[in-house]
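Have a look at this one before I ask anything.
Order of writing sets the labels: A, B, C, D, E, F, G and H. Residues in every chain begin at 1.
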Amino acid sequence: MHEQEVRKIMDGVRSKKIRIGEAIRKLKFMPFEDLGFAKIDHHRGLRKGFPEVVFCQNKTVNQVVEIVKRLAKDDSTILATRATKEMFNEVKKQIKSAKYSEKSGTIIINKKNAINKKNAILVITAGTSDINIAEEAAVVAESMGNRVERLYDVGVAGLHRLLNNKEKIEDANVLVVVAGMDGVLPSVVSGIFGKPIIAVPTSVGYGASFKGIAPLLTMLNSCSPGVVVVNIDNGFGAGYFASMINR
Amino acid sequence: MHEQEVRKIMDGVRSKKIRIGEAIRKLKFMPFEDLGFAKIDHHRGLRKGFPEVVFCQNKTVNQVVEIVKRLAKDDSTILATRATKEMFNEVKKQIKSAKYSEKSGTIIINKKNAINKKNAILVITAGTSDINIAEEAAVVAESMGNRVERLYDVGVAGLHRLLNNKEKIEDANVLVVVAGMDGVLPSVVSGIFGKPIIAVPTSVGYGASFKGIAPLLTMLNSCSPGVVVVNIDNGFGAGYFASMINR
Amino acid sequence: MHEQEVRKIMDGVRSKKIRIGEAIRKLKFMPFEDLGFAKIDHHRGLRKGFPEVVFCQNKTVNQVVEIVKRLAKDDSTILATRATKEMFNEVKKQIKSAKYSEKSGTIIINKKNAINKKNAILVITAGTSDINIAEEAAVVAESMGNRVERLYDVGVAGLHRLLNNKEKIEDANVLVVVAGMDGVLPSVVSGIFGKPIIAVPTSVGYGASFKGIAPLLTMLNSCSPGVVVVNIDNGFGAGYFASMINR
Amino acid sequence: MHEQEVRKIMDGVRSKKIRIGEAIRKLKFMPFEDLGFAKIDHHRGLRKGFPEVVFCQNKTVNQVVEIVKRLAKDDSTILATRATKEMFNEVKKQIKSAKYSEKSGTIIINKKNAINKKNAILVITAGTSDINIAEEAAVVAESMGNRVERLYDVGVAGLHRLLNNKEKIEDANVLVVVAGMDGVLPSVVSGIFGKPIIAVPTSVGYGASFKGIAPLLTMLNSCSPGVVVVNIDNGFGAGYFASMINR
Amino acid sequence: MHEQEVRKIMDGVRSKKIRIGEAIRKLKFMPFEDLGFAKIDHHRGLRKGFPEVVFCQNKTVNQVVEIVKRLAKDDSTILATRATKEMFNEVKKQIKSAKYSEKSGTIIINKKNAINKKNAILVITAGTSDINIAEEAAVVAESMGNRVERLYDVGVAGLHRLLNNKEKIEDANVLVVVAGMDGVLPSVVSGIFGKPIIAVPTSVGYGASFKGIAPLLTMLNSCSPGVVVVNIDNGFGAGYFASMINR
Amino acid sequence: MHEQEVRKIMDGVRSKKIRIGEAIRKLKFMPFEDLGFAKIDHHRGLRKGFPEVVFCQNKTVNQVVEIVKRLAKDDSTILATRATKEMFNEVKKQIKSAKYSEKSGTIIINKKNAINKKNAILVITAGTSDINIAEEAAVVAESMGNRVERLYDVGVAGLHRLLNNKEKIEDANVLVVVAGMDGVLPSVVSGIFGKPIIAVPTSVGYGASFKGIAPLLTMLNSCSPGVVVVNIDNGFGAGYFASMINR
Amino acid sequence: MHEQEVRKIMDGVRSKKIRIGEAIRKLKFMPFEDLGFAKIDHHRGLRKGFPEVVFCQNKTVNQVVEIVKRLAKDDSTILATRATKEMFNEVKKQIKSAKYSEKSGTIIINKKNAINKKNAILVITAGTSDINIAEEAAVVAESMGNRVERLYDVGVAGLHRLLNNKEKIEDANVLVVVAGMDGVLPSVVSGIFGKPIIAVPTSVGYGASFKGIAPLLTMLNSCSPGVVVVNIDNGFGAGYFASMINR
Amino acid sequence: MHEQEVRKIMDGVRSKKIRIGEAIRKLKFMPFEDLGFAKIDHHRGLRKGFPEVVFCQNKTVNQVVEIVKRLAKDDSTILATRATKEMFNEVKKQIKSAKYSEKSGTIIINKKNAINKKNAILVITAGTSDINIAEEAAVVAESMGNRVERLYDVGVAGLHRLLNNKEKIEDANVLVVVAGMDGVLPSVVSGIFGKPIIAVPTSVGYGASFKGIAPLLTMLNSCSPGVVVVNIDNGFGAGYFASMINR
């Protein structure tokens, strides 16, 4: 679209209807991205299939509905994270095809089929209380066309459950490991399996876990080099990043 | 300079030596700022007289000399902050006109004359140990063409010294108030005089002043609304901001 | 008023009805400000047009109504910040002209017309969740006679929206930049536009944003020297300081 | 009581009904305080007039009533701090003379008359939101027989109000200064008046006051040497300590 | 001195050489404290015998010598705290009577004889490593005319040593209790003896004592109400406050 | 069970129905613990009598019921900690023998008789508000077959109550000491009695106790070497560890 | 090797020289990994080309030399990070082919040729002081066979330098972005280019950057979803992870 | 000794040379422990073989020598921890039999033979940098008569090394697990082996390990219930506690 405007200016220059000085001035005041960000648009092209994302926390139901409706006009996939059931119900009235993942609080519209069937993203949790955050990661990765596997409640207190699932872990391309409390699971999994791990600390816990600071620090200090970290409870970010690197 | 390149492309379009598609492609790959950031350049024009700044901490003597030499080719004012005496000595060998403010550790080259004589920036400290940071602020503001006054060691334990200098304070347009330990001085000065204050916490102190956190928090929580805060020991930032608003 | 008391003592001295020792003793015990703080009063004169401010948080509805009624006796502008709808309703019963800014939770009485039309204060937010705090800044600045512009939801994830509004930013004299989460927007805006920026961290976010500590630290550590910071969520202080320096 | 048991043993020794070895063994196994802590009991004698204190927070209404009833059997003064209205109502049913200080949430039984009329304890607050905590200090000090004066809402933003009350401050023997947010008031009062100050940080505030940490640090770092500090919101401790030293 | 200036103005008024308006204007611009702060001066009179204090940390040897020399002109007691041996040597060259307390790093000049022999201040430490800070408190209190007793190394690990010194503790009027690591000693002493305690946390310790934060928190949270706290390692403040209340 | 599978493979090898290469491959893919963790299983045998534990916080009532039902199939003792009354009621419907400890919020099923009658675990609290956490420790230790004694509300403010119970303390083998606020009790008890102490900080308190950080730090920094620490409010962990070492 | 032992046991079973029970017992006591961890070994096979890593900080020169010598016996690539010049000199005496990257303090032995020439890892820094850490990342990634590009000193204060290098950024597959102080660069780069970013906070800075905490928090809270974070100054971890995902 | 004094008083009572009132008064003023603390002395008897401990950090060489000499008069075992080589050399001059553990910085005098040969204490470290602290624990436990085993450098990055030493771990009665950085090792060891673990966080690490806070939090939050924690780098405390419970 914008390229056409540039072309129009060029046509004007060529046909001498627009003076060169005028053309330069026009170019300078054109919406920024149309010129300079062309490559970025190109990049966006590469990101085809990546969803539009709405972060619903701190938004009203109305705001969420309005934003989702506007985005839904193009046919792109839409993810509304941290959405309440009530938000979903209102969205559903407007967009019949909307689906809701209750565990993760995510509304999904126009979910793409898995386009990356060979490589799986495996989402692992230490405890059952970490599942909500894990599901956010899983749903996000699925909505971005990935095959996603799950392995829940395999924390260090039940290390044998982890080891009993070696095949599942070996089969995956990228691991998202979600843990609260002491947050040791990513270190352990990395030490054993050597896969790239996106570690997600959760605010689950009490006392000196300080709403996720303890596992966050554990993960940042992991002695295993294959571990990177996202924000506390940031299942979305983990699922998104896993999708970016699961090629 | 870059505008000439754009003009050349336009000439090519007008003379039909360059196809429009080709012209668009070229524009897209040109250095970014030449087009979109023209207005910013214009803004830079407005900032004439603002110094080039080199932050010397964590740099080697050689690095500082190299950077300063490069910048000194244009005739602009140069400030090298957090510079050691040794750095100055080496710079001095290259640039005879370089001056050094020992208290603040600042090298100044091509200092402008005060262009803003009517409005003064007043730099105040609570104690004598805050003077180094205060001098950084003062030297920076002077190098940016301001009249700068100083009022040192007027902390709350000697409140009468502050009140004895009412005229000096009333005369100023902007205050930079530098304090460590409890950091109460900006609140007090603001409560009495109502001038805009840029508060600078210093790392001077011991025990629970935690290298400047205590005065930083005090200043951020100031019950007087005319107080804004910069980083701990950031005399440079305070002097710079004071210059921006001292019009 | 108090000057009359001083004059009466002087009359007594002159007419020898009061001994000099007695006069000195009386002066010493007079209310402080009448003598020493005269200049401060004078300063207050300079501040004409500045509003009376009531911080409603932690006050009862009754307390707010009482304070506002008392202040409303003079014709000065009154700002009641962090006021609930309920507080407003009760104030409204007493003072018909009271207005309420719902987004910012501010009651305004006797708002002055913009007396500073040329220079604008521009209030920018990174996200939609920062708007409440931004509105507090905007409403405060407007009530102090400033022309205020708004530019919301232009965070770094949508940097092109920021760049598309270059004219608006260039046109402003002072920027108030409000951001939660990573708080990077003030650094970016300062790096591009070089305007004086009052940065307001917000408590919006989750996880390791720690109710505003993360953006607060980001802003304090801004590598761009034109950024000063106020307390977390302190829209009022930002709007007030912006007004002080928007001359 | 216990002394009688010791005497009985001694009688047994003297009358040779108890062997010395047996006597020593018995003494060793007697309740500890009866022997070794005699001086402490004596000390308790000195503390006559000091109230029995019940900290009600985290206790049930029933627990409070039971404890108060038990203590009320001796005629001593009883203070129940952090008591809800509901707690008071239930206590009142049992002990008709119980009184309630609503502002401070304190139940008082058998309050002593001021026995220390000459020396006053002055309780000062920075803001109106600090009054609850200040009242706790005041009520405690009153219940311990002190003359207590109050000076509220004289924070640094209204420093003249403080200075207008010089006589009140000079008249006091000990100051309790209560402040939230930036917590600068104790430093300022100490800097001007040089009285011993017990500083009480309050959790009033928002943002980077961190529920009282900011004023706590300010007070601990006070550059004025006559300032000591108690825990955040600890009006009780301040009033108690003030009473101990108000002789 | 200043009173004479006021008197001169009054004489002028009485003799009608100065108009009343002129007189008022003159009074307003006179150095602040001369009028309004008279009572404070009076208070200073009360504080006779209180030393002039120089905090030497962060000062150069020269600065210390200069300040001490200037203060030594009046005959008042001078305390230079946190002074190095080198500072003392240079001071000694100028002021022959200067004495040095090596343990506490304090220079004392013109120390007063104990004027308060009946009431003792007792300085207690938990360990031997706390003695430096304790000595600072002791030396300060002595220089302010107090009888000071010492009881060192009676920490909780050797509780019997504390209890073996009951008489010494009962004999004191005010206790300064100095402790690092877990900082439990003030709570324990207060629980047993009920004396007013000024608690001084020290930065002695390792690991999670965090340079004094752990004992600071312990002391602030003391369940015994007779404990107030000063800054980490602030022996000076403790000795000073103890002197203020040891009447 | 698994051993049978291994045996079957061996039989196959012996009878030459399975080739050796095949056997090795099979062994490698067998569930991990069956082979390598045999010794651990053996160890589990040693731990006979140790309960199955369900941590109910952050779980739904349904989840708790499901997990408890599944575990109850074997005859082992089950502890469900942090269980609400509602959770218990639902569990009770399924498992008639379930019992509930209201103070500690623990459901117990198939509690073993005390198998360790000689050695007692003594659970001590500083205040009455620490009792919930203490009961969790006590109930856990009892369910693991220990004789458990209790000594509550013997904090430092009432040190004589502690000393009056010397026999009880001397009689115990392991102490669990639970304290909030200043957390000094474990240091004191250890200093006097020299027993191994598991210290449990509680989140009881206000102000600078920071939800348990203050007592946690106190305990970690205990100057008495016989003190180890568990997480804030972790009564379960303390009771469990006490049981492990009470042999 | 170990497989041979298993095979030997199997042979014994087949030839009936070893009883099945005996065979099972032997398997159970064999070194763990030989059986259960076979798949992990297989995985290690996949990791061929990954270097052996020695973290030299906190090790003596001797320790480093010993470890490197031992590892050098196989022909694998060896990386010794955080190595001093002195360590290198000693290593060099033993292993002639050892090379040293002075900027990053890394010793490299048997570096592999780039095996992944198409996809580049781009290492970006905000300032010149971040280069040491960036070089650690770059050297690690190179030693793991990657093509590595560098783009240094393109922080937000010089945003145009970043934008002038669009091609370089677009060309890369994975970005490692290294920044201290405010740490905003990863957010900005992610907002513009949408590439997967491994963000490395550095301890460069002063005041409230708190040795890297400020940029760490900024990065964790990045509003752009394509950003993951490693520990402060952990260039090694970033380079290693980038290599893992640069396929 | 003291018992004789009590006996003398009793004799006086019996022989009627001392009046009963007088006897009671005398008992009250006797050194505390002689009566009330008899049982504690008894307890000390139980602790026979426990060493006298001198914590040398923050002490001068002279102080250490003096204390050690005094303690060496009885024949008891002496441990001087955190002792420098220089301290040892001076001690050695006085006490020929003194031995020095260089790794742990411990001086040992009169070490007892292992009296507890059956039960071993096993000291485990995650890395080589943790060995100093581990040796402190080991040396302390040995000096208290325990058989001590060591298993070093078995961190999670090399989990197989841990598993290869199953027998050693199973053989031990108590484990001391020492780890810095992420501090995950105690959780993992507890999860697999179920032994009582005393976890020691070390200050080894960089970045967000914050001098031991990260592993401290990890250990406190361990999801495995058999883990208790001592202070950062507190090898002494761990070794001491392990000895207390290794019966």
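One rule holds for everything that comes next: contacts are C-beta pairs under 8 Å (C-beta built on N, C-alpha and C of every residue); 3 or more make two chains touch, one makes a residue touch a chain.
What you see is a predicted model, and the numbers here were worked out from it, not measured in a lab.
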Repeat of the D-E interface, chosen from A-G, A-C or B-G (over half of contact pairs identical by residue number): A-G
Chain pair, G-H or A-G, that carries the greater number of C-beta contacts: A-G
Inter-chain centre distance, subunit F versus subunit H - centres from mean C-alpha coordinates, in Å: 25
Length of the line joining the C-alpha centres of subunit A and subunit E, rounded to whole Å: 59
Subunit B and subunit D: spacing of chain centres that average the CA atoms, whole Å: 50
Geometric centre distance via CA averages, subunit H-subunit B, whole Å: 55
Contacts with 2+ other chains: residues of subunit B: 32, 36-37, 39, 163, 166-167, 192, 207-209, 213, 216, 220-221, 231-232
Contact footprint of subunit D on subunit E as seen in their complex: 36-37, 39-40, 42-44, 47, 53, 163, 166, 170, 174, 192-194, 196, 198, 216, 220-221, 225-232, 236-237, 240-241, 244-245, 247
Contact set on subunit G toward subunit H in their complex: 29, 31-33, 37, 40, 57-59, 63, 201, 203, 212-213, 216, 231-234
Subunit G-facing residues of subunit C, complex: 126-127, 155-159, 181-184, 187-188, 190-192, 205, 207-210, 213-215, 217-224
Subunit A residues within the subunit F interface of the complex: 128-129, 160, 163-164, 166-167, 204, 206-209
Sites on subunit E touched by subunit C in the complex: 3, 6-7, 10-11, 13-14, 16, 20, 23-24, 27-28, 32, 35-36, 38-39
